[in-house]
Every structure is written in C-alpha cells, then in structure tokens.
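One chain, chain A, links the two complexes that follow: it is found with chain B in the first and with chain C in the second.
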Partner chain A sequence: MRHVLPVLTVVAVIVAIWYAAAIWLNAQWALDTAARQDRTLGAAELVLDTWSQEKPKLPAPHQVVTELWQTTVEKNVTSKRSLVYHAWVTLSATLLGFGMGTALGFALAVGIVYIRVMDMSVMPWVIASQTIPILAIAPMIIVVLNAMGLSGLLPKAMISMYLSFFPVVVGMVKGLRSPSRMMRDQMRTWNATRGQEFLRLRLPMSMPYLFASLKIAMAASLVGAIVGELPTGAVAGLGARLLAGSYYGQTIQIWSALFMAAAVAAAAVGLIGIVQRATLKRMGMG
Partner chain B sequence: MTEGAIIDARDVSLTFQTNDGPVHALRDVTLSVEKGDFVSFIGPSGCGKTTFLRVMADLEQPTSGAVLVNGVSPEEARKARAYGYVFQAAGLYPWRTIGGNIRLPLEIMGYDRPVQAKRVKEVLELVDLAGFEKKYPWQLSGGMQQRASIARALAFDADILLMDEPFGALDEIVRDHLNEQLLALWARTQKTICFVTHSIPEAVYLSTKIVVMSPRPGRITDVIESPLPKERPLDIRDTPEFLEIAHRVREGLRAGHAYD
Partner chain C sequence: MWILLGILAWAGGSALNVWLARQAPGRTAALAVPLIFGVTLIFVWEAAVRGFGISPVLLPAPSAIAARMAGSTGVLWEDFVQTVIKGALSGYVIGCLAAFGTAIVVDRFDFLRRGLLPVGNFVAALPIIGIAPILVMWFGFDWQSKAAVVVVMVFFPMLVNTVEGLRDTSAMQRDLMRTYAAGYWTTLLKLRLPAAMPFIFNGLKLATTLALIGAIVAEFFGSPIRGMGFRISTSVGLLALDLVWAEIVVAAVAGSAFYGGVALLEKAVTFWHPSQRGQG
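Then we have the complex of A and B:
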C-alpha cells in the first residue's frame, strides 16, 4: 500500500499535463471555428471547447475513457464496432505469432548451442533480420503470402513471429549455456547422454532466461500483429482501427485503440509474469 | 604395473596451452592406489592435484603417459560408472529435492524406480541425512548440502570415490565433523577414496597415504604411508605420531617450494 500514493501522484500529474496539452493543441481550432461564426470565446468557454471537440488534435482523457467505455462495455462483443472484437482479432494473431516465434526461437537456440556450424553462422543472420524495419518488410510478406493464397490470420501471425523469435533465440542461447562447467562435468562423470543433459540440466537452468525472453517476445508480437494490419487495409483489428481512425481524423478512436493495445499487451505480459513467478517458485529459483 | 592396483598412473604429464604459453600442470606423475586406500593429494594451488583427479575421472586428457582405473582407461572406467565424483561446490539442483538430487544419477543410469528409492534411502542414512529426502537444497546448511552431494556420488555404489576439496568452503568446526563422518563412511563402505585438499591436518587425519605435490611443473615430491590406525578419534591429532606425519608433510611442501 506504500506505493499507492506515489503512483496516484504520478498519474494525476500525467492527466493534468494531458488536459493542459489538449487546451494548447486544440485552442486554435476552437478559436478559428468561433471566428468563422463571428463569436468570441471567453476563457472558460475556450477551455471547455478544447476538451469536447469531435475531432480534436489531442482528445482529452475523459473523451478517450468515454469512447473506451462505449466501445467495450456498451457494445456486444461480436459487433464490428466493439473494441473488444477488434482487440480479439489482433490478439489471436498475436498469440499465434507468439507461439510460432517461440517455437522457432527455441529450435534455433538449441541448434546454436549444440551444432557448431550453426553457432558460427546463424547468429549474424538472426541479428540482421532485426535490423530491417518491420514496416518496410511487412507489406511484402502480406503480398507474397496473399499470392500464395494465404490471407487473414496467418500473414499477420508471420509478422508477429518475425519480431518475436529474436528475443527467444538470444535468451535461450544464453539460458541453455548457463549451467556451469562443474555442472556439465558432473553430468559427464555420470556418462549422461546429450538428451539427458539437455532435459535434466540445460532446460531447467534456462527457465529464468526463457520467461524474460517470452515477455519481450509477447510485446513484440503484439506490435507485429498491429503492423501486419496496417498495409492490408484490414477491416478488423486494432491496427485497422488505427488506420481507419487516421483516414477520417477520428483521433478519439485512435487513442482508444492505442490504450486498448497497451492494455492487451500489459495483460498478456502480466499473465506470463504470473506463470513465471509460479514456475520459478516451484523450481526453487524464484 | 602394480598387481591389483585400483589406480595406476605411469609418467603422466599434462600441458595446457594458454595464451601466456604452455602451463605444465602435471609432469611425470607416477602413482598407484591400492583397493581400500584413502589417498590425499596435498599441495599449494597450481600443483596439479585437482588436474590429476580430473585425469582419473576422464575430465582431462593427459598429454603423455598412461592411467589405468580399475585396470582400464579412464574413459572406459567413466562409461562403466566406476567412480563417484564430489566437486568443490555441492552443485545440487535447486529445482530438485535432496532425494531428487540423489536420484538424478540413478535416473540417468536407468535404475528401476524401486531400486532408486531404496538407494536414496540407504545413502541418506549413510551421510546422516535420513528424513531430509523431501527438503530442498536451500533449506539445508552448507555442510548438509555437501553431505547430500557425497550421498549423490555414493548412490550408484561405485567402488571409487574421487573428492575435490569437498570441504574447502566450510568452516573448521563443520569440517572436523564431516571428516569424522567421512572416515566412518569409508570404514563402512570399504571404498577407495582419492581426496584433494590443501589442509595438512585434514590430509593427515583422513589418509592411509598422503601424496605431497608441488607446482610449476605439477609433480609429486613425497608419498607418505600413514602408520596411524584405521580407527581414528578426533583427538588423535594431538598424538606425537600425528604431529610427526604433519611435520613431514610440511617439509615436503617446503621442499617443493625451494625451486622458486
């Protein structure tokens, strides 16, 4: 409970700055509109106007909250206007891509740890893959997969995978190599096979690294799914909401989609954190 | 070749190639260990005592010379699981209970579950840890953890026990207690033990044979057959015989240093 007051203070400061910024950014529009209608605005009127415009440059916090409330709680989740529906579309691609990325990252890490040729050759490519801007390559992936007859969930998941396998490779290579020389010698004195050494020593030892990687991978995966929705003109998903919002100047919609994305990411990463704590505690490594 | 020797080393040399040039970890080490011996290797750091133990365990390959363990090469002996090895640190897996840790080598070696359970129980009693099977390593003191690691090395009932400064990180009082227990365990199990240490009292108290080594290059400077009886209460360390052997060990260590 000691942390409640500082946290609330910080939140209050952010909200205050936000309201102030909304006045500053939206004032010009309010003044222009008033001038066109031959009206003059008092200070109070001006402030209220900047906080209640339909297409503000920066929507005020309560506008975003209202929009979030209307598009989640007050809408049927199957409705195309429900933000929950769009969040689920994005989340399903995120989770699929996260699963594929984790599997790919894990497989590459095992290969790098056990196969010398892979150790020497794969890592530079893995790193190079992440230096390419995802926004540049995402449309190509979508187009190529479309040409192959794949559309919908899978292309988006592929982009998620592309972003999420990287932290898993890096973390798991480190994790699988974390057993000390002594622990590996110990296995050798028992004449353990590679498989036994992997399952009983390397894999359990790598768990703290795995969970740290999974958290980053999950966040990256969500970014990937949203980016994957942008170039296709997708009709559903948080990315589609962002895109549609920007076409029509619906800033409130954009901001509420952003907040939804942040909430989804926080929930998914938090879930991994819970599993991590339970697992590591059980393993005596927490 | 010595008849019936458990360990027979002939002119073993081992040179590590490092960036600062070659390091002669062992040079012309010749030694034989009889069945049931308790052999201590003592010397300053860098004298090759641990390296020699690792050569016996097939964890290092000698550059020249030959070692036989149980009459076969160290590699064959390792594959036949002829020895248990206790490292400097207990090296217990935090995610396994004490019982689970001791079961680990048995699982790897493919023992049946009932046999595993029986062995775990037996060796826990042997190291005086009965009742701790379901505890986790962090719930045990350092001395108890090291005892558990000895139990793990004993679990598959190898005839040879190789111990690399197993009590080095423990305080004097715990160490005394564990030394006493180790002697009792050795008497009960009739194992052949090779024990690396840098404590003179520990070496003299435990051993039937003390191998004094010196560094640069690592070599044997003296081998002392202990005249002490097998039955050794802790206060044997105040007897003239004990002090005389300790003196000879000290002399041997000093002679080894005369070179530099």
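Then we have the complex of A and C:
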C-alpha cells in the first residue's frame, strides 16, 4: 500500500508529459495543414488537433487506448486485424522457446555442477555466447532455417531459446551449488546416493534462484520472438505489426503493438511470480 | 575423410580437456581448457561443412569467413565505426550518465524512489527494443536514432542498479558520517557512491550488451547505407552469408572487448569488494 500513491503519481506525471510532448511534436503538422487551408488555429483548436491526428508523430495516450480497445475487444479474435491474434502468435513462439531454453539451461547446469570438464570448458563459452549480440543475427537464423525447410513457430522459438537458456544456466549453477559443505556432509552421513542428494538437497535449495532466472528468461524470450518476426516478411505477430506500422507510418498501430507486448510481458512474468510465491510458501522458504 | 578427421579432432580435444581438468587446477589449465574447447569446435565445424558438403548459402566454413574478413576490412571498419562508435558508444555514455544523474535525484527524495522504482523495474522487463521504429521515425535514419534507442535501452537497468546501490550502506556507517559532521554531499561522495560502485558496475556491464544489441537491431528499421545491422540484413537478402558471419565475428569481438573493458575498470575501482578479492 505504501507504494500505491507514489506509483500513481509517477504514472500520472508520465501521462501528463506524454500529452504535452504530443502537442509539441504534432504542432508543426497541424499548423502546416491549417496554413494550407488558409485557416488560423486558436490555442484550444491547435491542442485538440494535435491529439486527434490520423498519423501523428506521437499519438496521444487516449488514441492508443482507443486503438487497443478496437483491435482487441471489438474485433473477432481469429481475425488478422485483431491484436489478440498477433499477440497469440508471438506468445506461442515465446512459450515454446522459453520451454526449450529452460530445459537446455537446466541440463547444462546439471552437467556443469556434476562434471568438472564441462565446468571448465563449457562455462566460459556460455558467458562468451551472450556477449554476442544474438538478436543481430536473428534474421539470418530465420532465413537459414527457412531454407532448411523449417518455418513457422520453430525458427522464432530457437531465437527465444538462445536468449533464455543463459539466465537459467547461470542461476541454476549458482542455485545447485548453494548447499554448504556442511549440508552435503550431512547427506553423506545419511548414506544418501548422488541422485538422492540432487533431489532432496540441491534441487530444493536452488528453487529461489530458478524462479529469479525464469523471470529474466521469460522477458528475454519475448524480445527474441518479437525480433524473430521482423525478417519473416511481416506476416503475423507483434513484431510484424511493429514493422508494418513503421513502413506505413501508422504510429498508432506501433504504439498499440508496443503496449500489447508490454501487457504480455507483464502477464507472463507476473504469472511466474505467482507460481514462485506459491511454491516457496509450500516449501517453507517464502 | 573430413568427417573422420572431425570425429578424431572431437575425440582428441575432449580427451585432452578431460586430462587437463584432472590435473592440479591452475591459471594455465583454466585458460587452456576453454581455448581447446573453442578450437575443437571451430575445427569440427570446418570438417562438418567440408565433409557433408554443406552449401555455403546455409553455413559457410570458418576458413571462408576468415578469408572474407581479410578481404573486406574496409567495409567492416566502416560499419564498425557507424554502429559501435557512433551509435552504441555515444548512446551508452549518454544513457548511463542520464540514469546516474536521475538515480541521485531519485535517491534524494524518498517519494520519488518509491514511485519510480517499481515503474523502472517494470519497464526494465519490457521488450524496449520495440520503440526502435518510433525513434527511427523521430531522429532520422542516421546514427542519432540508434544512439537514442541505446539511451532508452540502457537507462532503466542502470537506474535501478544505481538506486539500489545508493541504499547499500548500513545505518551504522551513515551514523559514523554524522558524527564526523559530514553533510549530504560529503556523505554521498565519501561513503555512499563508493559503496554503490559494485551495483553501478553491475548495471554498466549489463548495459554493454544491451547497447550493442540496440544499435544493431535499430538499423533493421532503416539506416544509411552502412552499419552492421544494415549490412547483416542486406547480405542475408543477397545470400552472402560469409559477410554476415564476418560482421557477427566483429560484433562478438567488439561486444566482448566492451564488456571486458568495463570488467577491468570494475576490478580497478572496486578492488575492495569480496567478489573481487581472492581472485589473485
């Protein structure tokens, strides 16, 4: 509750700045149009005009909200003009990539923790792999996979996977190593096998790390899916909406796609947060 | 023949690594093992491309990429200057400085901190890269728009980390500063900023990769006829994949160097921190 009032204030200030910026950025266009029609605009007319242009430089918040409402609630969900349809296309690639990335990251982490050679040889390359701006080669991966006969969801999901496995590896290696020497010795005095040590000690201890990583991985894989949609010729998905919007100067469409992406990200990450709270509570760690 | 050689190299490389890992751990082994792994990987790649006759349109061999890099240094350098120096670096500096300044203001007023921090955390999780088309529309096709994308991308991670770091002093330490009759600015400069340095560098390191990604991806939405993102997207269209890979190598090296440079600086500035001590 302590946070509600400050957050609302900040959001209100942002919206106010946004409206002001819309006036400032769109005024030139409004004045030009008026001059061509031999009209002079009063201050009130000018402000109203900047907030209701067809292709403004910066659409006002209410225009974006209207567009969002029209493309989500008022359109049929299966229609290609529905933002829900595009969001679903992106979300399905995101989830598939997120699942594959989590599985890969988990497997790598177990290998790194238990096999010394892997720790020494793979770990530095896992870190190095992330200094490569992988998003930059996303278009090439898409094109190459397309040439190999893979199209649709999978190429996008691969990019999401590449982005999301890294936080999982790093977090899980840290988490699986978090039991202290004393705890591991205790397991040994109980004559626990390696499998039991993993299931009863290491895995439960790593849960807080896992959830923190999963949140980052989810956000990263959504970015991957959106960028993965850019080179496919703007067929479907939020990334395609962004690209199409930027080709045709449909700023309102760009902003509504952005807001939809933000909502999807917030919902997905929030969902992980809820699962995290429930799980940790049951384990007595929350 | 090549396939056999590749399998042999794979077996040899991993056997050597297993042997090295069994030896007493030292600096040489820690450096040699990943190096051998990398060299083995490149060799297997080369062998696989030759052995299976993979078309260069799908996956060029490392030797072809190296030849292309040597052959088109001029183009690569021009793209490097356009994207990394003009786009990423200037945006990185502006974004980090702006975030740093904002963080100090936010830290001063608790109301702002409680309001802005959740918003900042939220924004940091969003696909910010999506604003690239808008900024390209506002700032034109040249490097200014790329720098603007980078500024927005690095701003929030940097802000959140710095604010977090500025709070990382104990009540005892602050009380001590009070007994010295230190004012706000003295406390900030002598105690809280140094204490915040590990967090600030965490943000700076995160921002290096974001900066490069932002600059390159922003070029997909429109750019002058140079720049790494532009070259990558047009070369894919021309099926000149060796040039694409050459750009990727440049980007990877630039990204690693950028990250490494910040990491070195961190080592020099925060030598007192537990995570830096005990590494020799």
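By definition in this document, the second predicted complex is superposed on the first by the 280 of 286 C-alpha atoms of A that agree within 3 Å, B and C clash if a C-alpha of one lies under 4 Å from a C-alpha of the other, contacts with A are read in each partner's own complex, and residues count from 1 in each chain.
One rule holds in what follows: a residue touches a chain if its C-beta (ideal position, glycine included) is under 8 Å from a C-beta of that chain, and two chains touch if they have at least 3 such contacts.
In this text the structure is predicted, and so the values were computed from the model without any measurement.
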item: First, second, both or neither for A:227, with chain B first and chain C second; value: second
item: Which of chain B and chain C A:243 touches, first, second, both or neither; value: second
item: Contacts of A:34 with chain B and chain C, given as first, second, both or neither; value: neither
item: Touching partner for A:46 - first (chain B), second (chain C), both, neither; value: neither
item: Touching partner for A:21 - first (chain B), second (chain C), both, neither; value: neither
item: Chain B versus chain C as contact partner of A:126, first or second or both or neither; value: neither
item: Chain B versus chain C, judged by how many residues of chain A each one touches; value: C
item: Touched partner set for A:107, first chain B, second chain C, both or neither; value: neither
item: Doubly contacted chain A residues - partners chain C and chain B; value: none
item: In the complex with chain B, residue positions of chain A that touch it; value: 180, 182-183, 185-192, 196, 200-201, 204, 282-285
item: Of all residues in chain B, those that touch chain A in their complex; value: 54, 57-59, 78-79, 81, 83-85, 87-89, 91, 93-95, 104-105, 107-109, 136-138, 156
item: Parts of chain C lying in touch with chain A, wherever the complex brings them together; value: 14, 17-18, 20-22, 29-30, 33-34, 36-38, 57-59, 111-116, 118-119, 122, 125-127, 129-131, 133-134, 136-138, 208-209, 212-213, 216-217, 220-222, 228-229, 232-233, 236, 241, 244, 247-248, 251-252, 255-256, 258-259
item: Parts of chain A lying in touch with chain C, wherever the complex brings them together; value: 2-3, 5-11, 14, 25, 57, 116-117, 120-125, 128, 130-137, 139-140, 143-144, 147-148, 215, 219, 222-223, 226-227, 230-231, 238, 242-243, 245-246, 249, 251, 254-255, 257-258, 261-262, 265-266, 269
